[in-house]
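This is the structure, below, for whatever I ask next.
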Amino acid sequence: MKKKIGVYVCHCGGNISDYVDIEKVKDAVRDEADVFLVKNTLFACADSSQKMMEEDIKTQGLDAMVVASCSPKLHLNTFRGVAQRGGLNPYNYVQVNIREQDSWAHSDNPAGATEKAIQLVKAGIARAKESEALTSMKIATTNAVAVIGAGVGGMRTALGLADMGTEVYLIEKSFFVGGRTAQWGSVAPTNDRGDVLTAGLFNEIQKRSNIKLFTGAELIEKKGSVGNFDIKVKIRPRGFDGNATTDEIQKAVKACPVSTMDEFNFGLTQRTAILIPQKGQYPQQPAIDKALCNQCGACQKINSSFQPASTNEEILSLHIGGFVANTGFDPYEPAKGEYGYGEIDNVITLPQFKRLIELNDNELVFKGKKVKKIAYIYCVGSRQDDDEGKNKYCSRYCCTSATHTGVTVKNKYKDVLNYHFNRGIRTYGKAELIYGQASQQGDVFLQFTLDSIPQVERKHNKTYVKVKDILTAGKTIETDADLVVLVTGMVPRENVELGHLLKIPEGRDHFFNEIHMKLKPVETVIDGVMIAGTSQAPKNILETLNSSMAAAAKVNSVLTKGELSLEPTLAKVNPGACTWCGKCAEACPFDAIVQVDNEGKMVAKVNEANCKGCGMCTPVCPTDAIDLDGFTNAQIGAMIDALAEL
Amino acid sequence: MTDNQNAAATCLDETQFDVMVIGAGIAGAESALKLGDMGYKVLLVEKEPSIGGKMILLSKVFPTLDCAACITTPKVSETARHPNITIHTLTEVETIQRNSDRHFSVQLNKKPRYVVEKDCTGCQECENVCPVITKDQFQFNLTARKAVYIPFNIANPRIALIDIENCMLCGACEKACPSNCIDFTQKEQQLQITAKSVIVATGFKLFDPISIERYGYGRYKNVITSMQMERELAPTRPFNNVLRPSDGKIPDKIAYVFCTGSRDHTVGNPICSQVCCMYSTKQAQLLMGALPMADISLYYINIRAFGKGYNEFYLQAKDMGANYVKGKIGKITEKENGNLILRFEDILTGKVTEKEHDMVVLSVGLLANPAITKVFKGEKLELDPINYVQQPNMLQSPAQTSLEGVFVAGTATGPMDIPDTIMSAGAAATETSSYLKRLS
Amino acid sequence: MSTKPKILVFSTEKISDPAIDLAGLLKKHYPNTVYTISVPCSSGIKPRWIMQAYEKGFDGVFIAADGTDCPYGESCVEKTSAIISVTHDLMRQKGLKPSQLKMAALCSVCADAFVAHINNFTKELAKKDN
Amino acid sequence: MEKKEKTIDIIKQERKVSPQVLEDRKTYSRNRKAIMEALKAGPKTIPQVAAETQLSLPDATYFMMALFKFGDVVVESLDDMDEYYFYELKKK
Amino acid sequence: MALIQPDLTKELKKYGAFDFNACYNCGTCTSVCTLSTEDNSFPREMVRYSVLGLEDDLKSSLKPWLCYYCGQCTENCPQEASPGELMMSLRRWLTAKYDWTGLSGLFYKSWPLTVLGFILILAAEIGFAARLHFHIDRIIYYGHYFEMFSILGVFTIILLPNIIRMWYFTLLKRKIKAPIKAYYTAISDLIVHMFTQKRSLDCDDNKFRWFEHFILVIGYLSLLFTTVFLNWFETSNLFINILGYLESAVIFIVTFDFVLSRIKKNKEMNKSSQPSDWFFVIWLLFMGITAFVVRLFIDIHLIDIHSTVMNSWSWVYMFHLMILGQWALIIVPFGKWTHFLYRSFGMYFAKIEELAK
């Protein structure tokens, strides 16, 4: 039991004190038993306040501390640090949330908020009284990281980590690295070619001995926690092993009887079951698409390196310290009939159009017809802020990408005309220059609102796009178009299993969710698991690289020291009360409870290295012999009592 | 900071560093922290008296509406306390020259504070007795400060300094100081250090709207900049509420003029500043909270709500009643009572329209801060055409500059919001660490 | 004031408590007689704590569970339900109505859902009191 | 801690104070006095203070806010129109 | 409903417009324009129609005539889209559209064609003089008749039908039903604007510019009157004689200043002069100078208007006649001169439109 408790109530510069009467709170708790001092602070988190608390602990000899301020998610560690510097065990510190869960939640009711604050602070004091000193365990960590996804982002993370001395396992689900960027020609804002960028990254990766690249690989199992994860990676057979000349590969492709749409060209072309690496995709070795291959053996007859029948799946076990998920995005696939998509044959998506530009060298031709007028319709699959659409977010990259594509086609084919049907061009930052360039070269921009979206119609054997243009005072403007390009947004890549496996929470937009949007954009609630690139939110290439390298910096700074302090919140068994029924061991998802002999009696014991402190074992005990540190019967009970008090 | 000074005393060599980070805003602090965590010895140089840059002065941040001070101060304290990070405030980099061993010789100019840093307790007794006032630059001139002052309440280090230009040398502060820390004999100090690498995190300058005469900034009292409004809304605000500077009235019709100094060739800044739409939207939300009766109109060209959760935040502001008007403000004229007439073309109707407001906020843009190029001697830090630090390998290694061993973080490369700044700072840390590994 | 039913919420540190924080952040209001105790995982809530709450005067207990998002694994869902059913038995023995205990899975951004649940629960409890 | 000499005397030999600073100081003490005087009779709004002290409205605002910041005046209440605050002298 | 016509955008560039595609529709131009009103907001609407190539909307608009090109829009345009120059080009384009002969358009778009026209007129003049055996007295005599007939002819054959076409495009085709009375009431506006350019006073602070333009118009019209109806070159009335000197001096002084500022490009409106602008001011300048010199030579007896012999000084008259011919047959009916007429009628029709509401 703690006898000298220091209580600090924070104004949060008005965030709390505007609604909660701080003086009243102070008065109410001043006379609580064992409260030694009560103070208020303008900003408890400010350096000067922290120093004051440290001083108080030292000079007044406090044995526990309560700060009533904001959510513990923000400052629990800050004040635990204060406690520690003052000479107090950090676990004798209790944070009471009177901002998010009080002053703000009840800003409509200041009197009520004050009343609640008093109860909450009293509960905090009760909990502090019952708090016990805990010491965190240090564990050795492995300076190795699994980077999942080998697009530009994943490859850049891998390079950054490798150069900082971290061992990298780069795990790519498809048979080729390069991701989406390999599919693009000229990219904004530098006009670099996407395939050249991926080629450069791949070459660098080849030079690093501490990067192990696995293609056709998937993470299938994860155990352990930050610093020490044991993972299993399944590697699918490539179906090609050895060498073949270009000519032989060509022949094999010709011989393959299977045909399906080529995802690399977004269905503009067909491919066989033999996957041929395209410009920008690496390694430059073919693979066999097992899902389609009918095992006719035609390819094998041409070169024995083709092994359509091979089934030798490999399972690899790796020991790593952290993850960076860099799984990228999928372009939004418009619904059938959305702006005529799938119904009118010259309506395609922006990614398809970008491939079309790559496939047409001298003249822009689509389905045998020369293309002169191109109508771009923006925000397809983004900013669906009506009730029907599910993607309320802005996909960020599309305005820049579409205007940049407009500039690219004009430069490449000269006589094309671009019409941009948009909802307000969002070429933020320096991308504004691309918008300027597009306008200056004669691209026409028309703006619509969600209430009256463009109509795409087929009449007199031509496709027309019609819109109520708000830039022309709502006049209806129409044009014929040889090609309608739907500027599709980003959706997170289909990777539900990975999200579940790594336990990364999803945001409202279904992208992976970071721990704090502003200051911790690459960290997740799961220690040691980072998210980067477009798996977190739509981004352009530059932003993807920045976030990928930031994730590298973060995970490296955690692992580079070789050791880590663990949360000391663990389950504890009272051997006196335990009668070993095994229910707790059954409940534990981490195999942390074992049966041991305690002075002739079989009892449960917690293996501290495995215990994650979830507490799942505690409610199932029929004799209530197991408790979680920091959440003991005494502490929670005292809190309930304090909160219930009127 | 004072902790650091103590640490400095015990440290054997306070002149050799792995990295020198120029600018202790949120980008510089983040790079320094990451590198410090990796075990490198970092020197953080800041020309202002306190660290935290512009972010620490903001009210709240979009779209989470976290109070900026609440999330910045922990980062700033962590930086200040980090065992591997040394901070010099009130210090400017004079010259940077590469040595024969590829390290950089740096000359720093540390301005006198006239206050002994380690002894000041931040009690403000000196401020109380100081008889002179001048405009408070940390409140963007909305209110006054004394000649001896603590920059602002949550400044780090939270210690006093003397603005000698505005001091009348009466000595009252020296008499009043309980810890005898005022020292008028302090002189400018030239410090020589070496660093193996440099991170440029010098941030941005705010556009000064005085050059757009049509808006009357500087002449009309109730035309203020968004940064001034940011201060009015911040917890450490200059007034007791949001008030008009002309007469202390609570405004009830507030207008925002978007793209003031952005997307504008006539002022030499053709690019979009990337944050103004969102900070204005955030301020609108905050104002609707602080002044429930107020009408907020936002005059825009395009709304750039592009980041994670931004579009949703913009829609939320609209739902709360913010009045978004498509049309850039052409002209502002002042009425006798201090109210302002805004003339614009309402794009939706195509008609010239005039509206009266009692306070106007100019959503000013961000400009490059190119002065840093001058300090490099013997080689040139290249800038891009709009004067931001050039990223020669933008889509391969965005933190690289034209100089080997010199990296760039945050808004020194172009306008960006806080998350982008943090990520860019992380990228700079990765590049720097990789470089240092290669070097050794 | 005292007519408002008193509710104890058990939230989870990583998933549902952030949602409750978010509700405050967005100034979404709910009665001030709702108090939260945060635990690592909803499947670590002991039935005896819930019973203690009723004994000491709480009118209702709300478990803001992790659901399938639980960082400690998906078994959380069934374990939390098991706790509920055990508690329901205990409540019946004490003559408490099962409707005084509510559970819902809240994602980390489910601020709206939280406020809706709490407001409904408050209404229900208030009705029963009269 | 002991101090041998007032350092102010040393700097006084090296630096000149600009006339502008002295002028500003005079303005400040004059306006401070005028505002404090005006508030002695009871709480007033900024326009009321401006009318009484002959200060321009912007100046009255600026100096009132300075006094508010330095803790000489505090907010009393808001007027009936919800437009102007009444300020009063801080009770010491 | 309107169809985008990319060709019209290209066509407008031939009339001198440039950079207007850069417009991002912020409306700054419209809001800084002092002449822009709620009912008549421009120039952005015109820029927009031009970008989209909405020919019908442009052709039926009177707004280009309401603009006096103070240059504020162009100066403040954040995208440097030069809306002022677009308005100027639209006036040229409209002039071409109103002109039933189609020659205006050809001359605007091609200065070589204009020069060819000039040469043809020069040739006709020489031929004409040759037919009169270079008898200077007869040349001056017929020259005077030429003036009278060309004015009458150009007005009835070209300008009057063109103004009717303008009325058809801008009022009738848009189905603006104005009572006949409106046409009377608005006449005062027509007269006032035609002779005073009063509206341009609201345009900017530069009163001097208005004044210069005003005395130029007055000087030009009265010189026209003096030479044509008072037969300046052949009169011996001292008053008329001095009046003519005065008027021609005014013309050449003012036009000299105009030419100079076009060379110096010190004002927004002078930054991008087209050949048609140059022809207009230079020919006006030459008209003033040559008229002055011709009368001077007559007065100092270098030219004898009763002589049948062509002395070398008489070529000055030939030069004057050439300028006059080119002016009267090309610049007046098909060139920039018409803006004087269309602008006044533009204002007149705008007033009628306003009254019709």
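Structural remarks
Here the chain labels run A, B, C, D and E in written order, and each chain numbers its own residues starting at 1.
Quick note on the criterion: contacts are C-beta pairs under 8 Å (C-beta built on N, C-alpha and C of every residue); 3 or more make two chains touch, one makes a residue touch a chain.
These numbers come from a predicted model, not from an experiment.
Between chain A and chain D, the least number of touch steps comes to 2. Path length between chain B and chain E in the touching-chain graph (shortest route): 1. Ranking every chain by how far its Cα centroid lies from the centroid of chain C, the top place goes to E.
Taking B-C and A-E together, the pair of chains sharing more C-beta contacts is A-E. Put simply, the chain nearest the middle, going by average C-alpha positions, is B. Of all chains, the one whose CA centroid is most distant from that of chain D is E. We define each chain's centre as the mean of its Cα atoms; on that basis chain A and chain C are separated by 29 Å. The distance from the centre of chain D to the centre of chain E, with each centre set as the mean of the Cα atoms, comes to 65 Å.
Chain A has residues 425, 436, 471-473, 507-508 in contact with two or more other chains. Counting partner chains per residue, chain E has residues 24-25, 45, 79 touching two or more of them. Contact with two or more other chains is made by residues 64, 66, 263, 302, 347, 350 of chain B. All chain pairs in contact, by the document's touch criterion: A-B, A-C, A-E, B-C, B-D, B-E.
Per the touch definition, chain B reaches chain D in the complex via residues 119, 127-128, 131-134, 142-147, 164-171, 174-175, 179-180, 182-185, 221, 238-241, 243-250, 293, 338.
Against chain A, in their complex, chain E makes its touches with residues 1-4, 6, 9, 19, 21-25, 45, 48-49, 51-52, 54, 79.
Touching chain B in their complex are the following residues of chain A: 12-15, 42-43, 45-48, 50, 70, 74-75, 78, 160, 163-165, 187, 189-190, 192, 197, 200-201, 383, 385, 392-394, 396, 399, 424-433, 436, 470-474, 507-509, 511, 516-522, 536-538, 541-543, 545-554, 556-558, 560-561.
Of all residues in chain B, only 64-66, 289 touch chain C in the complex they form. Looking at the complex, you find that chain A touches chain C at residues 71-73, 97, 99-109, 112-113, 115-116, 119-120, 123, 500, 503, 505, 507-508, 513, 525-526, 569, 587, 589-590, 612-620, 624, 628, 631, 633, 636-637, 639-641, 643-646.
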